[in-house]
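The same chain A turns up in both complexes below, where it pairs with chain B and then with chain C.
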Partner chain A sequence: MAALVAVAARGCGGLWRRARQRGAGQSGPGPGPFPRGQRGVACNARGGAVPAGKSGLAPWVPVVGLEIHAQISSNSKLFSGSQVQFAAPPNSLVSFFDASLPGTLPVLNRRCVEAAVMTGLALNCSINKKSLFDRKHYFYADLPAGYQITQQRVPIAVNGSLSYSLCIDSKMSQMVTKTVRIKQIQLEQDSGKSLHDDTRSQTLVDLNRAGVGLMEVVMEPDMCCGEEAAAAVRELQLILQTLGSSQAVMAEGQLRVDANVSVHHPGEPYGVRTEVKNINSIRFLAKAIDYEIQRQIEELENGGTILNETRAFDSKLGCTVPMRDKEGKQDYRFMPEPNLPPLILYDAKSLPANMNHQQVINIDWIHERLPDLPSVKRKKLVEQYGILPEHSFTLLNEEGLAEFFESVVKQTQMKPKKVIGWILKDLLSYLKQHSLTVKESPVSSFVLADLLNLLEKKEISSTAAKQVLAELWKGEGKTPLEIVKEQKLELLQDQKELEQICQAVIDGHKNEVMAIKAGNPKVLNKLIGLVQKKTQGRSNPVLVKQLLEKKLSG
Partner chain B sequence: MLRASLRQVSAALKEGRVAPTELCQRCLALIKSTKFLNAYITVAEETAMKQAEESEERYKRGQPLGILDGIPIAVKDNFNTVGIETTCASNMLKGYISPYNATVVQKLLDQGAVLLGKTNLDEFAMGSGSTDGVFGPVRNPWSYSKQYKEKSGPKSHPEDEESNWVITGGSSGGSAAAVAAFTCFAALGSDTGGSTRNPAAHCGVVGLKPTYGLISRHGLIPLVNSMDVPGILTRCVDDAAVLLGSLAGHDPKDSTTIQDDFMPFELLNLADVSKLSIGIPKEYHAPGLSSEILALWSKAADLFKNAGAKVVEVSLPHTPYSIVCYHVLCTAEVASNMARFDGLEYGHRSDMKDSTESLYAATRREGFNDVVRGRILSGNYFLLKQNYEKYFVKAQKVRRLIANDFVKVFRSGVDILLTPTTLRDAAPYTEFIQEDNRTRSAQDDILTQAANMAGLPAISVPTALSERGLPVGLQFIGRSFQEKQLLTVAKWFEKQVQFPLIQLEEVKRHDSDVFQHQKSASFS
Partner chain C sequence: MRALLLGAWLRAGRGLPRAPGSGRRHREHRGHSGHSEHRPQAPLRQKVSVEVLQHLEHLALVDFRDAEGVERLQKAIQFADQLHEVNTDGVEPMDSVLEDRCLYLREDDVTEGNCTKELLENAREKVEEYFVAPPGNIPLPKLEEQETFLQGSQ
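Up next is the complex of A and B:
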């Protein structure tokens, strides 16, 4: 993923127009041969460059809502003592309850409730002091009980909001902040996994995931394009990771996003929506939504209708396709879960004095202990270090990067504004190139600070500093100073020697000197560069410039 | 010896008058010779003897585990037991062996009880006769008693006896018959709408349905989770208190159990009932109540009145709606609970393999009987989105009203309610099966299931023999978690009525050294 939220940045003004005429012969549902880069098309639409479709109707307003399942990070499952672990051998983490053996009963995992409360508070929700569990029925091989325990009627948290920012120009320097309302957060069980073996026409079921705790975060349809959705999900992901309530790694299925997409004309009621599933990265989320918006617009403009259906995103083809519906329209026959009493939470006011603390959950207690959320951390970084807001985003987007930056700042005299350049341009790009995490960096914050201090004390030039850093990446355990000494990278302290070198360069480049004297000062840079080259980067460019100017004006 | 109460035989074990293995053997022998009752689905002869031997070792060392050590007991076949099949009398679970013990079973074993076997029931406990399981109907031991044979007229042909036998009631009929025929000293049943109290009344034993949440349901294969409770069937009220004390209390595996510890109690002999207020709910004078039982009921009320208790007529106005409300809630939960039986993880699996859906359909068609399938269908109907408000939500509201009826009556100062347990004495099997299961359940649960709706403790106490020589029980309903008061009153009543002992040929043969025949006087 690009450094900033979800790639090519662009604010959607909320209105889209049909971007591309479909061939006359093409109509009806199904994935059309859609060119890549439909996002680009959408961008044009925003600019109004593409006229409204042949029908000449008003532009389209896309509406996007999200349903996000975040797997709760906990040692054991939501209602059983089985361990939670990714990629364990099939069916090795299955309790009697998970396999729905007759007579087994659910026992609510306190940790999962706390994770949901934390998440609810971080998303500005009201936490329901009393919430209820329900059964949602459907037959499927990886749902052993024939129902999922969820919170349909009264979820644990409601009425929240999530603010997220996105860039509205391609240079990623202009950001806007938007807010999406959170309808609710509900606790529910994950299902198992079905593995279909088509050649032998059999289905294998792995119940390791069955019963793992999920938080379903339902967002109101306040978004209007893939970028917004992607930015919102990225922010949610960061919040969950900051809280530790979910690891939220999409590739491991800890964060699953379904998008509800519809389009309508301004002033008209919302259109029929489709649900897009099977999206396993934030980049694909943006792609899938934008594709779906475009598809719906085309469909409607060609006189077609949108079916209320579930579609899967095919990441290889970059399009959405209708999913084979399991059993037609489902009636989930919701019913209260009779084996779980209402989930009662307390706050400081309602906490009964004689209650065992092990048995109760105090919302206020959790609230007081919430860590700084990403938005607060970013604000603090900007205020404290004077860095640009977009830099604060980049710092938080990589796990541990902000801490690395702060640690370097603490250990050097260099101004934070200068340090950030080394962090983002040098450290981060090196890590990206080598697919390393911040933790895995061969250069520690201490060593980098050491190096920057040499630079700050003018003992080496910045060119030399880069050379030293290149050496440091090798991770051979040498200190920056050792490398400087070995490679003789110290700045030339001998002024006479430097003056001689400058003179030699002037003497050898008559044409350039003429040009400078004729009033083209830019050529001076070339001479400075040549001096640097001769000194192998060991000269102070400021000093070189002074010396050259003095000699040329003389 | 076999006719002794649990407390008596426990004392005998302690004093060494009988050894656990001998007791176990005698019970097993009696189970064999009363096999025609069909009370047991599985007899766990080997493990029972092993448990008895272990118990004997403990007694020899002088370290018995308590009052239950060495006591032969039986458990309804809808409680999970390690190593012994748990079938729910259904094709769906034939051959199913659970990897874990129900909490109540584990508690009994931990206290040294000897588990003789698993008792018969209606399939998945859906019924009121113990006639609708795949292993056939349970026969009421009283069908073969001297008392019934004498009253039901001279028998010219043995075929008459074959057609004259009466049902046990249900669905815990196997457990009730097992206790009534002296094959065990106590048995576990389950009670969702009366399934423990109804067969207890028909078989002349004590049937206790504790307060919802007092005893763990973990490991009880559910019928209706919000109403199920493990039931206790014993020969006398004191024994029921012993079992209750050994089973009650919080279970971390069942979130609906009470948080507090339960203090086991011993029942006092109530000398004075003058401070008691007994309520007679007029709505329990239900259509179909036999005049005989009505007469016994008022006689019982008089008994309390004459002893100085306050006896008042009370009203539980929503009682008439109870049975239809129960029908909706019960079938809805049944539809949900039965969804897990799809043939994938355990239980019966059909050979039909065209698709997952057809596998499900065939498995469930082959595995469940008509009664279970019928309840699943109606339950799913009530839970459909378009019906949910109209049926399920409405039924829940009515349930609340029914529960409130009890709250109001108890708040008015009434301590205990006295009602009949059944409308009449046990019906002959041939007569009983004339009606379908649904109609029968609706009739038979009518006096018992309101206590389940309200979660209240209730006990059926054998009271007298009917004109046909069959047992009749009366029911006491108490306040939530006030089992001690309920059982104390029940014990007083039990002592007054002196219910007669069943006279069975088979038992006489197996139990020569009879305990002193205390119970000879008759109430009626």
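Up next is the complex of A and C:
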């Protein structure tokens, strides 16, 4: 379950309280006009306005919108034939176009367009059959052309939506599904990377990333707290990974999130917003947004104003700090890209008969080939195996875990509902503890199924099964049955032997027996435990219970 | 149409930096004006203010800080202003002469790159395989210093 905690939520209410306490602690006895404890925040995971505190002060409504840059997973860059690869030697993946040498022209990569169309369709967007490229100008050393080719006027996809779910209680048992509108998806170039050498006061520029294809996904400000934003981004990440349109690994910068945050009172216009950048993990995204909401509320309640500024999240300090913008308030001087004609896409109806198929992108064709999206996969898991919805989330949250689960289910007689416990409690927590991916698991789905079959056929107890599993993690290549034999973990099949052991336990524990006979049945569990101990977990507790009861009632 | 942008932008006074508490700076830079031929069709010519200069320097990360630089900028604006002499009423803007052509789509193959050496040959400064640029995020010289300079250069 730990996996889900990282993403989804406890509901914002609790979070606000905690943040408030910390804020109060830091700033001491604040001179603010309102007592901190009575501040109302109109945000919870259900989306309703939380009434203000006892004082009746107007609550605050936080508003969060996201702009997400997803690096397209492609072999070559958006407009040039140089390779896309993370952590290559500096400036080794740079064409003359990427370095903006005179006389070079952009040539659009078909794959990047298809990835954007796929993503647009998966996010329920309308795909524009004609979209346009524009230049966005700014001067920076890692942008050698002095402009970025993007889609400002008519982007490739517009008006979509993304549904995401989050838990609204700490037990992770109640989930709520929400929707955020997608304003648009645009194709654009990535910039290079700058390494700032402060001591020598210079910037080192690596253009390997310059010109890599990006999809910028612009979300409407439909979210109200960090947990919602985090859950939405996690769902988007899963969708991108399912489509293969982006690998979306945040740590490698393949998914970069900027958050626009503001607060206002209900019924009033939106407040001035700040943009929070430099967020490189989903966990930090939630933290950064919640910190920023809290900061704005405190600032306003202390009579201050919010500046329309860019702030960076400092993950070490856990707060946002004003960032000196690349150029302060910008004028990007957008203009149509003169070197690229409009991008025309087709569907089954508009498909021209006599056109080279390599030059045609057919929206309907892509639509038909979309894989099952995470939401559909979860639904199928719940329906097919009768598992809980929250378990389906956990299964999809780890790459390969759902497949592992299904593979085990196929190979065992154990019911899926029981298998899921072994997958989530035993397998997953072991993997987490050792920072392993599902693929790296020392126990294959085949071996786990083998073990669960021994348990299901009542050849071993579940205590013994755990012991075998502990042995299997060592990855010594033994089969579960070999381990069972080696460590003599088979259930005692000999009824007589078991009866003798039970009798011995009863004889040796007169006090307990008296207690049971006096009407305290709970003490029976102690005797069962003692039998288990004597048999080293090799007895069937149900059977032991029956035997003991029989003997004690006799 | 594109060349109009700079002139139009300057006239509209868009994006001028409003340095807080810098009221005394809101005066126009004197000098460098009125030495080109008169063009009645062109809209009123605007002198380049210190704020505009600073903003441009900021945007472009280049240095205009001499009389020659200011004059060059002024002339560039005047040159661009000539475009206003063309009557474009009722003419739909054109993005490019290619706008009714097909956009060629390339297959996703790696065909370029691996030319670090050639690329870096053009660089004035490099460290290992990196280009070296001046620090980008360091503030440009303070406005006061520039003013002193500009006044001194008149």
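List of remarks:
Keep this in mind: the second predicted complex is superposed on the first by the 502 of 554 C-alpha atoms of A that agree within 3 Å, B and C clash if a C-alpha of one lies under 4 Å from a C-alpha of the other, contacts with A are read in each partner's own complex, and residues count from 1 in each chain.
Rule of thumb we're sticking to: contacts are C-beta pairs under 8 Å (C-beta built on N, C-alpha and C of every residue); 3 or more make two chains touch, one makes a residue touch a chain.
Computed from a predicted structure; not experimentally measured.
With both complexes brought onto chain A, simultaneous placement of chain B and chain C is prevented by a clash.
In the superposition on chain A, A:Asp331 contacts both chain B and chain C.
Residue contacts after overlaying the shared chain place A:Ala145 against chain B, while chain C stays out of touching range. Once the two complexes are overlaid on the shared chain, A:Gly519 sits clear of chain B and of chain C alike. When the two structures are aligned on the shared chain, A:Pro89 is found in touch with chain C, with no touch to chain B. Within the superposed three-chain model, A:Gln358 lies in touch with chain C and out of touch with chain B [touch as defined at top].
Within the superposed three-chain arrangement, the count of touched residues of chain A is higher for C, of the candidates chain B and chain C.
Of the two partner chains, chain B is the only one touched by A:Thr104; chain C is not. Of the two partner chains, neither chain B nor chain C is touched by A:Gly267. According to the touch criterion, the shared surface of chain A, contacted by chain B in one complex and chain C in the other, consists of residues 96, 99, 101, 107-108, 139, 141, 203, 205, 327, 331, 333, 335, 338-341, 359. By the touch criterion stated above, chain B contacts chain A in their complex at residues 79-80, 86, 88, 93, 98-100, 102, 217-222, 224-226, 252-256, 259, 332-333, 335-336, 338-342, 344-346, 356-357, 360, 380, 383-385, 388, 392. Only residues 96, 99-108, 135, 137, 139, 141, 144-147, 203, 205, 327, 331-335, 338-341, 359 of chain A touch chain B when the two sit together in their complex.
Within the complex, the chain A residues that touch chain C are 74-76, 80-83, 89-97, 99, 101, 107-113, 132, 138-141, 194-196, 198, 201-207, 324, 326-331, 333, 335-344, 358-359, 361.
By the touch rule above, chain C contacts chain A in their complex via residues 2, 5, 9, 14-15, 17, 58-62, 95-96, 98-116, 119-120, 122, 125, 127-139.
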